[in-house]
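One structure is given here, and the rest of the page talks about it.
Chain IDs A, B, C and D follow the sequence of writing; residue 1 opens each chain.
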Amino acid sequence: MESFASERGEPILGALVAAIQARSGELSDLDGALGDGDHGINMAKGFGMCLEQLSARSYGLSEAFSTLGGVLLDEIGGAMGPLYGTFFRGLARASKGRERIDAELFGSMLEQAIAGVAALGGAKAGDKTLLDTLEPALAAYRRALSEGKPFSEALGELAFAAERGRDSTREMAAKVGRASRLGERSRGSVDAGAASACVILCALAASMRTLLEEEAT
Amino acid sequence: MESFASERGEPILGALVAAIQARSGELSDLDGALGDGDHGINMAKGFGMCLEQLSARSYGLSEAFSTLGGVLLDEIGGAMGPLYGTFFRGLARASKGRERIDAELFGSMLEQAIAGVAALGGAKAGDKTLLDTLEPALAAYRRALSEGKPFSEALGELAFAAERGRDSTREMAAKVGRASRLGERSRGSVDAGAASACVILCALAASMRTLLEEEAT
Amino acid sequence: MQRIINEPGEVVGDMLKGFLKAHREIVAATGNPRVLKYSGAPVSGKVGVVTGGGSGHKPAFVGYIGRNMLDAVAVGEVFSSPSAKAFLDAFKAADSGKGIACLYGNYAGDNLNVKMAVELAEEQGIRVKTVVANDDVPSAPPAERSKRRGVAGEVLMWKVGGAKAALGGDLDAVIQAAQKAIDNTRSIGIGLTPCTIPAVGHPNFAIAPGKMEVGIGHHGEPGTRVEDLKPARDMAKMMVETVLPDLPFRSGDRVATLVSGLGATPVMELYILYDTVEAELAKAGLRVRRSYVGNYFTSLEMMGATLTVMKLDDELETLIDLDAQSMGLTQFGR
Amino acid sequence: MQRIINEPGEVVGDMLKGFLKAHREIVAATGNPRVLKYSGAPVSGKVGVVTGGGSGHKPAFVGYIGRNMLDAVAVGEVFSSPSAKAFLDAFKAADSGKGIACLYGNYAGDNLNVKMAVELAEEQGIRVKTVVANDDVPSAPPAERSKRRGVAGEVLMWKVGGAKAALGGDLDAVIQAAQKAIDNTRSIGIGLTPCTIPAVGHPNFAIAPGKMEVGIGHHGEPGTRVEDLKPARDMAKMMVETVLPDLPFRSGDRVATLVSGLGATPVMELYILYDTVEAELAKAGLRVRRSYVGNYFTSLEMMGATLTVMKLDDELETLIDLDAQSMGLTQFGR
């Protein structure tokens, strides 16, 4: 069964931070269309601070996620501070003490992370939030596994569904968050949180697939 | 000897106000280049208020100038309120009680008006102010009379010299007023007050020439 | 971007340093660089009054720290809620053992961070109660009032809460007064030009020349509709007509009013707006007992204005009238 | 032009109507619609403190009418000196028989109108003495100090003059204190964006993006040089370096500082600027006894800031510290 060593926190966190920083402007622009335009810069700032805190030493995946979650919660604020803080602390908690990450474990990591986000924010699928990316992505991932697909292929399904989930928010009217006050005017633009969730899931999927390949060879 | 009836205040004041209102934007732009950009609007406002005060009745030239001077002094303020207020009150005082305006009388009206401006403002020719229009214009007018030219021709010389006087301020460095703080940067643009003084003298000259022609026929 | 800043990402930290230097007599630092407190806090025997919010709204939020005003404030990035930890540390800085009244605005981020901070505080034995401001009428219909944003009405809520605590009210009394304040307060904003978050570097929305956003939020969130610019007197009428029926205010009511600029609108224009606002309130039979006009809750360099009207009863009027001393609001008692 | 106005030519009158409504407790109308007075004026037995100036500078000038501040103000059009008649009527409104201290700024229009008004007043038996503020360092070299403009330092001059009169100083004492105040005060401004006089309808000058006008006047008069925008800390250093040698200020001096925005610069940025200003003053050995940061003397919606530093002696410090109550400056005594 495919898996990779959980001590490989660095390449995963590095790719994640790079992806968020590269898309920071785009995420702020999306937030600007419906909200206050700060989403990308705050994400980039928080993810960058985490990388700095962990620099000059090596760390496992759980520690990486736990540090990232802590920075988001303690230093960043905004709506995404607690939401993604909870998300990454969920990923961290579910993988804590585990030596290898396999398909099943990653599934329960995602489950715990997403459940935390849903509980904290009180939003559900269709409200035009990051959950519209996270939930269908998790469902697609689960479906792939139940169809017997290998870990790396399921990760591909995860990323693919995340993109579709993100895009699905374009035609939604926002129910929570700042954009909800726009009512019908909130249609026509993708939700910033749904977009950043897609960046995160795609970056995780890509770097994990690289690790799986590396260990396979 | 050419002259016109001093009771003809209306056509002269009307033409004067119309000229200032037509050039208001231009005067503000000139003031904006070196000062604070309000010259044209305040002139237009004051001249317009005067016309309103006098509307619905007929009035002589001295009364017109006296009302205009009073409005400028009491209602308008700025640097041009007292300067032009003094100017028009000078014109009014020197023509008060006179039935006809001839070349000699208009010469002493101008003299009294300009002397008042110079005494109040403490500026002299070359300082880049309205005096750089007024003084050479008066000198040219006087010269024309001493050369035996008729009133209407001397008015032509007055207007011509006023334009050259105004243009002469382009290359001057301002010595008084807001623009004086600009030092060398104040060169290259005509002084707003010199420009409005030119509008005033030219409008007076033109409307007086029309009156002279009318009375001659 | 024509700005007086150092690094665009560091504006909040740099601002707080200057703010502390300028207002030493009334404001003090705490162990958390994103938490400032009243120099006298915690005031022994007094309920601690706390708020928090994103930056870029000066004088809000730190400008209302002071005597008879706020005891501690959690400071977020520009237009971002402070972190849960910052709220928690603000509670600690203000706590004299009498409990904390956390009076904040209804935004997703603030709700989430306050919620987490309150849980952490209670674990540490600090009692916290909250009031969530939702005075912005256009941000949701009356039936969904709990969804509305908090806007400039927060200033009056803090004034009332701060005064109640200063006069010796216990936690429940302070919470009740602040809740009554916001329940009796209605606001509306109009936006004329956008603003630029320094770290973003370009405006986050556009308003076409000759247009205005009606119902805009003070983070530049788009309003509920775009209209042609109209004379100030028509803007004032429209604002009053939106606000009055919502409570509803009734003839004979006493009110306090607050007209705030959004940052770049010349204060001269706020008075032009206020001239008609008061005339319209008088027409409706309202009696203005106190009027604030100025930049009380801004949105960086946005042009525009907000109108806030609060219905007074004897208690609210006494609390609004109490003397107060802070950078954003200093007044002598009546 | 994104403006909250009615007729562009009527902004001053409309603004004054709103201002009077909003500040009834402290400001009153007079027979001249272009003159406002302190509701208690003329204060019997007290020297009347008067100023006047163009509009568009809120809180200046009418915002400093109040208790222990100004007794009457003559109001001009936007960026235009009030008329001689308005100054005269302001003198009358403030006169209790103890004479009038007219404390105004050095502009051609104000000089001319005050001069005429003083002559008219003396004909009517009102004693008027004047102090002309000229605190703006870049507007003329030291040898021609009498040519310099008055800028935000006027606020401190009014504070001092108003306090001296309130404490019972006679006309000569008030004039002496105000003159000492301005003689010990130096200012400099930088402009980042232009402003638009409503009745003109377009900006009266341009500042290219990425540039700033150093030494700009608060009517948008061009500065003495154009420079590239730089970080706030370098702006602050340049401003301090211009101001300190001019008096000169010396190590050990006590000072009051005033950092004012020009209208549209977010107040956050004024604190960022002040952070370095105070650090530089400390480096030069100056002790800041009081610091004002905010929009104290603006220029419609211009972006930019001014720095004012005043050297204090015991008298000036006492007068600056006295409590005061006005729309633009309200403070409790120390």
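The working rule: a contact is a pair of C-beta atoms (placed from the backbone, for glycine too) under 8 Å apart; a residue touches a chain by one contact, two chains touch by 3 or more.
Please read these numbers as outputs of a predicted model, since none were measured by experiment.
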| item | value |
| --- | --- |
| Contacts common to chain A and chain B (chain labels) | none |
| Number of hops, chain B to chain C, where each hop joins two touching chains | 2 |
| Centre-to-centre distance between chain D and chain A (centres being mean Cα positions), rounded to whole Å | 54 |
| Chain C and chain D, separation of their C-alpha mean positions in angstrom | 29 |
| Length of the line joining the C-alpha centres of chain B and chain D, rounded to whole Å | 33 |
| Overall pattern in which the protein chains touch one another (line/ring/star/complete/other) | line |
| Chain pairs in mutual contact under the definition given at the outset | A-C, B-D, C-D |
| Residue ranges of chain B touching chain D (in the complex, touch as defined) | 25, 28-29, 31-38, 40-42, 45, 73-83, 120-121, 176-183, 185 |
| Chain D-facing residues of chain C, complex | 1-7, 11, 14-19, 21-23, 55-56, 58-59, 192-193, 207, 209, 212, 229, 231-233, 235, 259, 263-275, 278, 288, 291-295, 298, 300-301, 303-305, 325, 327, 330-332 |
| Interface residues, chain C side, partner chain A - complex | 9, 54, 76-86, 107-109, 112-113, 115-116, 138-140, 147-149, 197, 199-200, 204-205, 217, 219-222, 224 |
